[in-house]
Amino acid sequence: MAEALLRVENLVTTFNTAEGKLSAVRGVSFSLQKGETLCIVGESGCGKSITSLSIMGLLPSNGEISSGAIYFEGTDLTKLSKEELRRIRGNKISMIFQEPMTALNPVFTIGYQIREPLMLHQKLSKREAHERGIELLKQVGIPFPEKRMKQYPHELSGGMRQRVMIAMALACRPSLLIADEPTTALDVTIQAQILDLINELKEKLNMGVIMITHDMGVVAEMADRVMVMYAGEKVEEGDVASIFANPRHPYTKGLLKSVPNVDDEQYELEPIPGTLPNLNEKLEGCRFHPRCPFATEKCRAQSPPEFKVKEGHYVRCWLEKGVDIDEPAAAATS
Amino acid sequence: MSQPQQPLLKLEGVKKYYPIKGGILQRVQGYVKAVENVSLEVFEGESIGIVGESGCGKSTLGRTILGLEKATDGKIFFKNQEISNLPEKKRKTFKKEMQMIFQDPYASLDPRQRIGAALEEVFVIHTKMTKAEREERVLQLLKEVGLKEEHYDRYPHEFSGGQRQRIGIARAIALNPSLVICDEAVSALDVSVQAQIIKLLKDIQEKHRLTYLFISHDLGVVRHFCNRVLVMYLGSTVELAPSHELYANPLHPYTKALLSAIPRPKPGVKKERIRLEGDLPNPANPPKGCPFHTRCPIATERCKQERPEWKEVAPNHYVACHEVQ
Amino acid sequence: MAGLIVRRFFQLILLLIGISFLVFTSMYIAPGDPAAIIAGPTATKSDIDAIREDLGLNDPFLVQYVRYISGVLHGDLGYSYQTKQPVWEAIMTRFPNTLNLAIASIMVAVIIGVVAGIISAIRQNSWLDVSSTVFALAGISIPNFWLGTVLILIFAVNLQILPVGGLDHPFYTVEGMKQLILPAITLGTGSAAMIARMSRSSMLEVIRADFIRTARAKGLKERTVIWVHALRNAMIPVITVIGLNFGFLLGGTIITEQVFAINGVGRLMVQAIAARDFPMVQGSVLLVATLFVLVNLIVDIIYVFIDPRISYD
Amino acid sequence: GCGGKSASNSGGSSSQGKGNAAQELTYATTSDVVGLSPILTNDSVSAAVINQIYETLFVRDPKTMEIVPHLAESYETPDDKTWVIKLKKGIKFHDGTDFNAEAVKYTFDKLRDPKTAAPRASLLEPVESVEVKDDYTVVIKTKYPYGPMLAALCHTNAAIVSPTADQKQDLMKQPVGTGPFKFVEWVPGDHITLEKNEQYWQGAPKLNKVTIKVVPEVTTAISMLQTGDVQFIDNVPAEQLSRLQSMKNVDLIKKEGTPVYYLGFNMKKAPMNELAFRQAVSYAINKEEYVKQLKGLGIQSNSVIGPKVFGYNEASENVAYSYDPEKAKQLIKENGYKGVKVKMLVANTANYMKMAEVVQAQLKEAGINAEIESMEWGTFLDAVKQGKYDLTFLGWANSTADGSELLYPNFHSDNVGTSNRIFYSNPAFDKLVEESRTNIDPEVRKQKLKEANEFLLKDAAVVVMNHGVVTAAVDKSVKGLEIDPTGQWSLYHVYRE
Amino acid sequence: METGAVAKTDGTPVLVRKKKEKMYVTTLKRLLKNKLAVVGLIIIIIQILMAIFAPWIATHDPVKQNLAESELPIFSDGHWLGTDNYGRDMWSRIVYGARVSLVVGIVSVSLGLAGGVLLGLLAGYYKKLDGLIMRIVDLLFAFPGILLAMLIIAILGTGLVNVAIAISIWSIPTCARIVRGSVLSIKNREYILAMKALGASNARIIFKHILPNCLAPIIVFATMRMATAILSTASLSYLGLGAQPPTPEWGAMIAAGQDFMWTSPHMTVVPGIAIMLVVFAFNVVGDGLRDALDPNMDLNN
């Protein structure tokens, strides 16, 4: 097997807070091939963004990677010097941040911010960069890009800012794109356009894409593989078809049930009861067990290992070992 | 819903223009017409979804209704009183009844205030609750939106995107207002939490006859949540209809394009979607005639010249298009 | 923006009338008789009376003020009580010196201050930070007199590489620059200290913002991230302080002017106050006020360019 | 500094110069001149410059303090109210006009004219009229016999100006006199440049160019002296002596001077108007210790009229109440002054503050609580005038070096509220002073002054702190400088080598 | 800022929450983690103790002259910090001087802050007031300090309180402008908009949301101003406004020592160091406070 584009091994990311050390990401491993799209889904606050920030080496000041390795094209990013990492960032790996409002520098024009990576990594002249910038903005569906280049972030709507972020991330045609909820603020027509653009680039550049999203429709449309996270851990991973057709983890199942269906108005949403455990909550066993309708004694006592469902489909759940999960074995505790 | 009752909120030809400045002297060089001539009646207890292209003025409309931006023109009535030119002092009572969930939850939280204090502040402003009562209420709120007591003492930057959004929701519903403008209130939430929150919002609505203006891009959520849906394009309203009707029988070509572009959670199944071609118009200099004509697949010569009227084509189904009879 | 400038201009006129009245009143209320001071210790009553009459000091307060202000409105700042020189002329012989000195010192201050401030912000709590703090504190706690004298002693008297004082060559000549170095450093350190502390603190606020993370994600050099992306966002309080210090320097700084024998506005004003030379005090105060309004206007305009969210309409 | 370093390349002919030193001199003064007209100014800095440009009819010989004719040739007093003064001939003002009786009359009349509002018009207050007898003879008539007449005519304010120039231009800015140096340029606040008057009636001076530079800070001026930017400073403060002495290129000139500094009592207020209190204070103050603080820049003498002033008599020294803490304590106890609080008003210049601090401590020792209140000069003058003080410190430069001109303005009841700042008013004393003024016989005057002086001392009206020492520090290359006990100097004989 | 809530002990709360410490306790704890700030606090406390217990700490009478022993250098017998030109013990003068200097420094800076911050907040927040307030501020700035002092003497008389008033008036314009600048940029932030939407009163927005967010420059200004305030006391006492000789006061000690820079440099250096220590202490405490109040600040490094 060829060297993966990105291989994350046992990533643990912790925060120093007033309440002590908290792990937001607890031993996550996955890999990504060139030209592949991996979608990460999971409950809000489960550590998706922190995982991607760890890859970028841009954790908040109180966060650190306390163990694990991140191999990008064979080199361990956690071992690189700041300068080496910088050269990779924005050039080979780029990221679209979740909060487009605060992620843009309020005092520089859109044009300035979009020209920067082009001039830096691609050594374009200011004029060339400007042209490229306009083109990029056009690609992400921003009307009148010439005008927008001269405007400041606060003068743009939320969706426009998000598209500017996307344009910036795509500017240098990276080999790995991490997109953290890239289309939340976009209407569906623009969203479709952006997703097409990402796919097109993926094809053209053989780019790897990690996409964090809550929109199962987007997942279905984009993903080659899907990784489901829960409370800082990976709970299930598989190709997109089997995840949708044959979800194994109770959490994944719950997730799919909560998707509102556009085509059927009578469809009842079925939220998963309960909430995500706290980062500092000491939980024995499976971290999902307090909300799991099928939790057994074993689930409460022991953390499940990764079981293989079939090639490329893994799940961390004791139920995988013999118990049929369609029959509730224990009363749900919420 | 559509009984001849008095509307809770009524907009009459509301406009909001932003000046564009440039040059050394920062002279005004033109205007961005963010909201152009919007008229709308909102009745108590209903939820109106507002959808539309990003940048079409949804957030601006919301902010203008709340009085955070001064409307350039037009009138806004709330409970039959005109509020668009009310002096700041007299607004306070209405503010209690109108709340907004901001599109960017992070930026709308004071970075130096703990979440607990931020939520309590709402009660400090509008009620005479004691500290203990407030705290109890806040803890309850946190729980309702799926956060925990531990979060009470945290600062905004210590939350994930979705958690922040829930804080925004908690803050908006805290006072049991009569109107809540939800600006992409659930977009950063994962579907399971989204489902919880939507349930919560619905429950409150039933209990208190709450009215929602629900700005969203997620047409699935809108369909589930809203009675009526308003479609906007480039600052103007293009279609308004009860949701089942809109989803079943969209009339405006833009609405059609929008609905066709919804991604379905079914991998492998690719639905044919209407691609919009043509130039995106400039809001500072919107095209003559129908704002959508530059991209409209069925545009005629008339669309280029004449602005279509806002007309009721079926009961409660309004649309602004020459081609729709 | 044009509106802002026009508005400021009208405000300035009101301010000038207001401040001239205030200064006039204060001089009137404050003890001290210009005639007695001019006459000197040996003067007799008749000497003093003749001078009072001559200066028009026996007229009622309002008459004096109206006479003065109508002169000012006609562009006549009056004549010095003491030297009989036209006030405008007296001020204008001093002002270029003060201006040169102010510009030189603010340059020193900004360069040292901003650099030190930023270094200590990005290396927070390192030895660099601590030493820059100590430097800043020394800068603000050392009286100018002391610093100036010590600098003279070292560089002019012992090393003989710079002149002791004076400011009589144009600033663009080598001689002129040499003359400016020591006073500019003396004056600059105080401002540098304030600027350094301000830059540090506002830099610390900005450096953790999301958009800095974005800038890093773009792979920008740390230098660019700090000096371009962070700095501009941190500039508002720093620019304020720079503007304030510059305004302050433009008002003349008596101690430094004294120590370096620089013929500046500060000394003129202090001497004029000591001599109760009303027209001269008025003239210099009006000048300082005008300059200050001007500097602040510029600062306010710079605000808009630094932070596009700020507007004055 | 103002081209100080370039002093060596004056291309001009240094005709009288010894060796090849450039005959240029820079003098540093702490404050700028007010103006350059002898009529319209009355401050020591202006006087110093004016003295180089203008001349008076009479001068005091700096060594003997004798008054000798200068622009005047001779004088006679036909009666004790008439002064007939013969003028030297052939003297020209810098503008080329003749110095003559007309000029003298013009100058004096202008000075006396109330419309001129001359600050020192009082100098010629006793003058009734000034008449031109012929081109070179003036007749001055006084209202009453005026003893210090010649002393007054020596005063800078009585220097003769060119009438033509005065009518044509502003002498404050463009002075024209008969002196050894001509005015070239004045940059207010910065410097004044003078050049030699080739046509000077006693022969051209040796210096080609004189620069009077304003250096407000003494320490800076001394640094400039050290680097050679400046060659001459005067009024050296005691604190700087040791630094100056350590400088190899500098000569220090010291000379007993005419100024007097004293502690004054507010005679309008109790207990200051009680002799016992004043005596107690006098006994309590250890003047010797204070003078020691001046490091040689002050002379201890109890006499109000100092040793260098006309009217001094050594015998008077012992009349004063000198330091005796026991007697002080005893007086305080006897009269119940123990712990009495007095306000000591002090002008905020270094020397007065020093007096105040030392005296305050000494009085405290004796049991009198003096509270210092320092004030800026203008405020001080006002406060003193209004009598808002108990004790204060005052000084008198004695620039005429005549005792009458000290006692009359400072202590005569005529001047209460102006120059008599201690409100001293005593008919017996007034009479003595008047007699000293209205007699033109020097011997009689001396006697009267002695009596008046002793009267003051016995009455303990003031406590004399010290008499001044005039000082200058000059570069070693500067020769021929002589300072007058009044603090004035002339650069006429000065040259550099 | 509002404190983190504490569950009332009257038993009413239904939802029980772990007792959280008050905001200032947290802040204090965070502050105490900062070593430099602790050093600063200790210095301040020592100085305050020094001022309070001056009579016990001083070795000599601070105003007692001994002309025979004047200008003794540092580490002389019986006078470890030497004596001044009147032979007064420097150490005792420093100790007593702390009384005047600290009080004047702290009081005048606080007064100046109160005025300046208020004006700055109002001017920055209300567009209508901006012109008026800022021109008043310009006026204060352009008004010559000496004249102000003379005016205060003429109207209010002399005395320490009036010194504090004079110095605080000097601080107002600078402070007001610094605050206004920050307010201008903060008031357009989205969270302020959000507070308006919630119906918060202007006063609440100004004092609870804008003020805490522009605290950093205020702290810097205040701590730096301390030095200038203490030094200015000297020029005021010179004009007759402040502490009059022989009362020891640091600023005046420096000013007096300047004449003796050649012969007895310790006369300026010693009080100079005293002032620097105070300013240093206040600055590091200010820095620490700033960090402790900044929730974004990480605690460990």
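Labels for the chains are A, B, C, D and E, by order of writing; each one numbers its residues from 1.
Everything that follows uses one rule, which is that a contact is a pair of C-beta atoms (placed from the backbone, for glycine too) under 8 Å apart; a residue touches a chain by one contact, two chains touch by 3 or more.
If you want to know which protein each chain is, UniProt gives these names: A, B = Putative ABC transporter ATP-binding protein; C = Nickel import system permease protein NikB; E = Putative ABC transporter permease protein.
All values derive from a computational prediction rather than experimental measurement.
Visitor: Which chains sit in contact with both members of the pair chain D and chain E?
Guide: Chains that touch both chain D and chain E, as defined above, are C.
Visitor: Across the interfaces A-C and A-B, which one involves more C-beta pairs in contact?
Guide: A-B
Visitor: How far is the middle of chain B from the middle of chain D, if each middle is the mean of its Cα atoms, in Å?
Guide: 88
Visitor: Indicate the whole-number Å distance between the mean C-alpha point of chain B and the mean C-alpha point of chain C.
Guide: 52
Visitor: So how far apart, in whole Å, are chain A and chain B when each is placed at the average of its C-alpha atoms?
Guide: Taking the mean C-alpha position of each chain, the two centres sit 27 Å apart.
Visitor: Quick one: report the Å distance separating chain B from chain E, using the average Cα coordinate of each chain.
Guide: 49
Visitor: Mark out which residues of chain E touch at least two other chains, giving numbers and ranges.
Guide: Residues 146, 150, 153, 188, 190, 261, 294, 296.
Visitor: At least two other chains touched by the same residue of chain D: list those residues.
Guide: Where chain D meets two or more other chains at a single residue, that happens at 219, 376, 379.
Visitor: Counting only residues that touch at least two other chains, what does the list for chain B look like?
Guide: 104, 106-107, 153, 157-158
Visitor: Along chain D, where are the residues that touch chain C in the complex?
Guide: 1-5, 31-32, 34-35, 40, 42-43, 114-122, 125, 170, 172-173, 187-191, 213-217, 219-221, 223-224, 226-227, 229, 376-379, 381-383, 385, 395-397, 409, 415, 417-419
Visitor: Which positions of chain B touch chain E when the two form their complex?
Guide: 63, 66, 68, 88, 91-92, 95-96, 99-100, 102, 104, 107-114, 116-117, 120-122, 124-126, 131-132, 134-136, 138-140, 143, 149, 152-153, 155, 157-158, 171
Visitor: Contact residues on chain A for chain B in the complex?
Guide: These residues of chain A touch chain B: 15, 17-19, 41-46, 48-50, 60, 98-102, 141-144, 147, 150, 155-160, 162-163, 181, 184-192, 195, 214-221, 223, 240-241, 244, 254-256, 258-263, 265, 267, 269-272, 275, 278, 280.
Visitor: Hey, which residues of chain B end up touching chain A in the complex?
Guide: Listed in rising order, the residues of chain B that touch chain A are 18, 22, 32, 51-60, 103-104, 106-107, 146-148, 150, 153, 157-163, 165-166, 184, 187-196, 198-199, 217-221, 223-224, 243-244, 247, 257-258, 261-270, 273, 276, 279-284.
Visitor: Please name which positions on chain C make contact with chain D in the complex.
Guide: Residue positions touching the partner: 30-34, 36-48, 50-51, 53-55, 82-85, 90, 93-94, 145, 149, 152-153, 156-157, 160, 163-166, 168, 257-261, 263, 267-268, 271, 274-276.
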